[in-house]
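Note that chain A is present in both complexes that follow, paired respectively with chain B and with chain C.
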Partner chain A sequence: MADMSEIQTRIREEAGKALESGEVGVVIGWGAGSVPFKTTPVFIDKAQDVEKLVWNPACTNNLAVYLPKMARDRKVGIVAKPCDIRSIVTLIREKQVKRENVFIIGVGCAGVIDARSLENANVRLSEITSLEWSGNDLIVTTQTGTSTVAAADSLREQCKVCDSRTPAICDAAVGDAVPRSEEISIDIPGLSEDRKAYWAEQFSRCIRCYACRQVCPACYCRSCFADRVEPRWTAKKATTQEAWMFHATRAMHLAGRCIGCGECERICPVGIRVVELARELNAIAKDRYGFDAGNPEEETHLLGSYRDEDFDPAQHSE
Partner chain B sequence: MTDKVISKDKIGDFLAALEGKYTVVAPVERADAPAEFREIGAGDTPIIDGSKPMMTPKDYLLPRYEVLVKVASEDGSVNVETPLPEDKPRVMLGVWLADAQAIKVLDRVFLDRNFVDPYYARRRENLTLVAVMPAQMRWSWFCASVDDVEEWKRNVDAMMYDLGDRFYFEPVSEKGAALVDGVFFSDPSEADTARKNELWDQFKNTGALPFAGKALYENLRWDDPIWGEIAQKCIGCGMCSYMCPSCSCFDIQDEVCGACVERYRCRDTCQFEDFTLMGAGHNPRANQLPRSRQRLLHKFMYQHQQFGVVGCTGCGRCVELCPVNVDIREVLTRTCSDEMEQKVEG
Partner chain C sequence: MAEETITLEKTTEEPASKQKQWQPSILAILCNWCSYAGADLAGSARLQYPETVRIVRVPCSGRADPMFVFKGFQKGFDGVMVLGCHPGDCHYAKGNYYARRRIALTQELLKLLGIPPERFHFEWVSASEGNRFAELVREFTDKIKALGPFEGVDK
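Here is the complex of A and B:
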């Protein structure tokens, strides 16, 4: 399998070609972060700047969030992981981005890291100089040497259960297909009897910053219900009840649309497991309607289609 | 005022004794989330050694939801209530020094001689503020680069230093000295004092950056191209200010709840589109660029001009949490570098 530095070189080549040929005016990708365990979005508009593009286990951001604004009336290049590509598929299906306006440099992905997990695994973040995957392990290099952290202690949660590791669509494929790794079990409380108490505790922490919404490629509404004053759907005060209204409504809006990239969960400053809601709704969508969000083979939207054999909740009261 | 040490196994009893005289406010551990400053009660695990990520103390002093006025009508009469917080002695423990200094910044806004906010004042005025120096500095701190931390230390009532099995306790004010209870404290050894000084030196050297000691308010520029660069990647989530210990912007909303109306205060931020949106539809900060510029200039320039304080205390939360890695340390380094100055002037 191509190692990460080879893939990085290929990303730069493809970005350079697309810029030089004039096919795109800008390539969105990941650049070196201010610390080695982070990356930052970069917008490359000159072929000589492609050296700024990086590929490493900290390429977490789902850059599709920038597409609805940036690719509205011009073609842009984007470096994308398989999950990010599922977001792009959704944006195309929902007519927020034209397929011909994106040049996708698709990268096979073995998962990205969660800095909080690393900290919990007693990695001193300040000492990290570089990170690299080796098989199922993360190789952490520090000023004093290297150590190995198991994937279970370093991967982001949704990467542990991810089964789309190869780009579904792309214009330039970079790196080899990545085989599905053995699933690492994660703790999902599921629909237990006390789920109301569970979510009440989660939402009680919400500070109403709406960062989950801002980082979400599927939350592209120009005017969000949460910001509306007339009618006011949810008040701005940070109470469990109001936060519940916000998160439950947002989850319903994302049913069959969220592709589970987990950006909302990554950036939540109070650790609310927002993506669990979407995961649950997507499981229902799959179970009842056979719908797989972000899959390019789906012909239409979950909520925009009807078949006679569709599950009818009114006739199946649980 | 003499320095003392207190063994960690006496902390539980010390806190219990404090609770007899004060309402004790400290970061309380929560599963999956940063600890939160609360009035500690039964079953709470306070973290007073500063070792864990925590929400800011402003969440206690300036709650995310605070009812200012409640108007209720009952049997034809109208009852107006202003639920001011209880006036009682409070002690706040486990506060990072950066956060303690951020409270000084909040004081300038809410206890200004021209306008005293009675809600904030009630919680703040009878508060004994104890800052803690943890055994390990957080990687994101850059306190010593933004301001004179020796001065910050004089602004708290007492300092605690985590020396492993004990805390070094350094009273700064009479209020701080009043916390020392002979039963729990003893005199420090020379080794204790040396270790304390070592911790302090470590803190002063943490996050020492090229802009340290520079007058940031003179170096930041309105027309710096960096604001456009930040704005391009910024997603406008506002977490940098919601999680900031010194950001103080709030919104006031009225809400009808049954037969009553409540007017409450909640958070707001210059990073949101509707922060400056006028009723008639005009928005003077129409896109992210002026919003990104506003936050930095407000902290480093306007607050300095207005109050003589630096509005950022280098706590590093925005550095750790920004989802697109806009690192304020990098921004300040770049805006203060000679190269950048030449670029702007040339």
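Here is the complex of A and C:
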């Protein structure tokens, strides 16, 4: 397995080549963040700036969110994890991006970290100087020494259950995928009990900042139902009822489109488990209609197609 | 002591009388060509069915946006039903096939959100099935009555 700095060098090489040859005008990637356990999106338009690109376990952002606007009428390079590529596949299928307008530098992935889990595993975030994967273990280097944290205590939830760690489509492949070592169960508190009360509590915290929508590559609508005044589907006021309407509708809009990157959940300032509904709904869609949202082999849309033998809810109404 | 007894009696009496008065309100989203015509037939045939149902006519069950259903529950309807043409009978050839998938997933999402599945009903009703429409409304009303008022999405 290529180590992480080697992958980083390869990313810079590929980005540099694409920029120098003039194939792309800009490369979207991750750059060093304000602290070592964070990264920030960077937009590189000169070959000499490729040194700003980084690759580490904190490269969480799904950069596909920038494509619908940036790649509308020019070719754009993008550094993408396998899950981000599933987003790009969805964008191409939904005709928001042309395949020939993206140059994908696909990175084999071992998952990305969740800072909150690290804190729970007694890692002092402020002391971290660098992070690196070694197989499925996270090597944390701090000012006082080096320690190893197991995947179960460091991965983001969607990475714990992720099975697509190899780029589905790409123009330049960098690094190998690191298969998951073990089955890590994810804990969904309260969902087995009174779901309505559970979601009421979750949505009661919603401040309607719409960060989940802004960060979502599937939420590219130029006019969102939540911003509509006539008809007003959901009022601006931050009540549980209105938040319920927003999140229920958003989950429905993501049916067969959400690839489960979990950006909405990461970005949520009040910690609502936003991705949960879309993830479960997609699991049902996969089970019932065999539809896999981010798979490039899917030829059609889940709700834009039907089969004669489809499940009939009228015969199963309770 | 005497006063307390009186208050107790009052509180035990009130819900019982309220229960007697309470009628569920049901939102019904009906396709124009089949189910709405079916409801019309029920009316012109003078069939009796409960006045609990509030009908919204849509051009096709394919127009029955999941948001209509969510809005119904958000606004406190006790039950929501969506009715459309039988598969194969759609006025627009295939609108109800799209609706079938969409409504099936809406039903699943409602379950995930913890809305009791009995409060949502999906059925095919043709223009000639006036009797069946009246029967469906009666059945659904009885079911919702047994469940009691919907306490709202935020409880």
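Observations on the structure shown:
Quick note on the criterion: the second predicted complex is superposed on the first by the 309 of 318 C-alpha atoms of A that agree within 3 Å, B and C clash if a C-alpha of one lies under 4 Å from a C-alpha of the other, contacts with A are read in each partner's own complex, and residues count from 1 in each chain.
Here is the rule we go by: a contact is a pair of C-beta atoms (placed from the backbone, for glycine too) under 8 Å apart; a residue touches a chain by one contact, two chains touch by 3 or more.
Keep in mind the model is a prediction, meaning the values are calculated, not measured.
Of the two partner chains, neither chain B nor chain C is touched by A:Lys95. When the shared chain is aligned, chain C comes close enough to touch A:Thr249, but chain B does not. When the shared chain is aligned, chain B comes close enough to touch A:Val270, but chain C does not. Within the superposed three-chain model, A:Thr239 lies in touch with chain B and with chain C [touch as defined at top].
In the superposition on chain A, A:Asp227 makes contact with chain B only, not with chain C. In the superposition on chain A, chain A positions 239 are in contact with chain B in one complex as well as with chain C in the other.
Residue ranges of chain A in contact with chain B, taken from their complex: 33-35, 38-43, 61, 65, 124-126, 205, 207-211, 214-215, 227, 235-239, 263, 266-267, 269-273. Across the interface of their complex, chain A is touched by residues 66-67, 70-71, 74, 87, 94, 97-98, 100-109, 112-115, 117-118, 120-124, 152-155 of chain C. Taken together, the chain A residues at the contact with chain C in this complex read 194-200, 203-204, 225, 233, 239-242, 244-245, 248-249, 251-252, 255, 277, 280-281, 284-285, 288-289, 302-306, 308, 310-314, 317-318. Chain B meets chain A in the complex at residues 30, 32-34, 55, 64-65, 139, 232-233, 235-239, 242-243, 251, 253, 255, 264, 266-269, 274, 319, 321, 323-327, 329-330.
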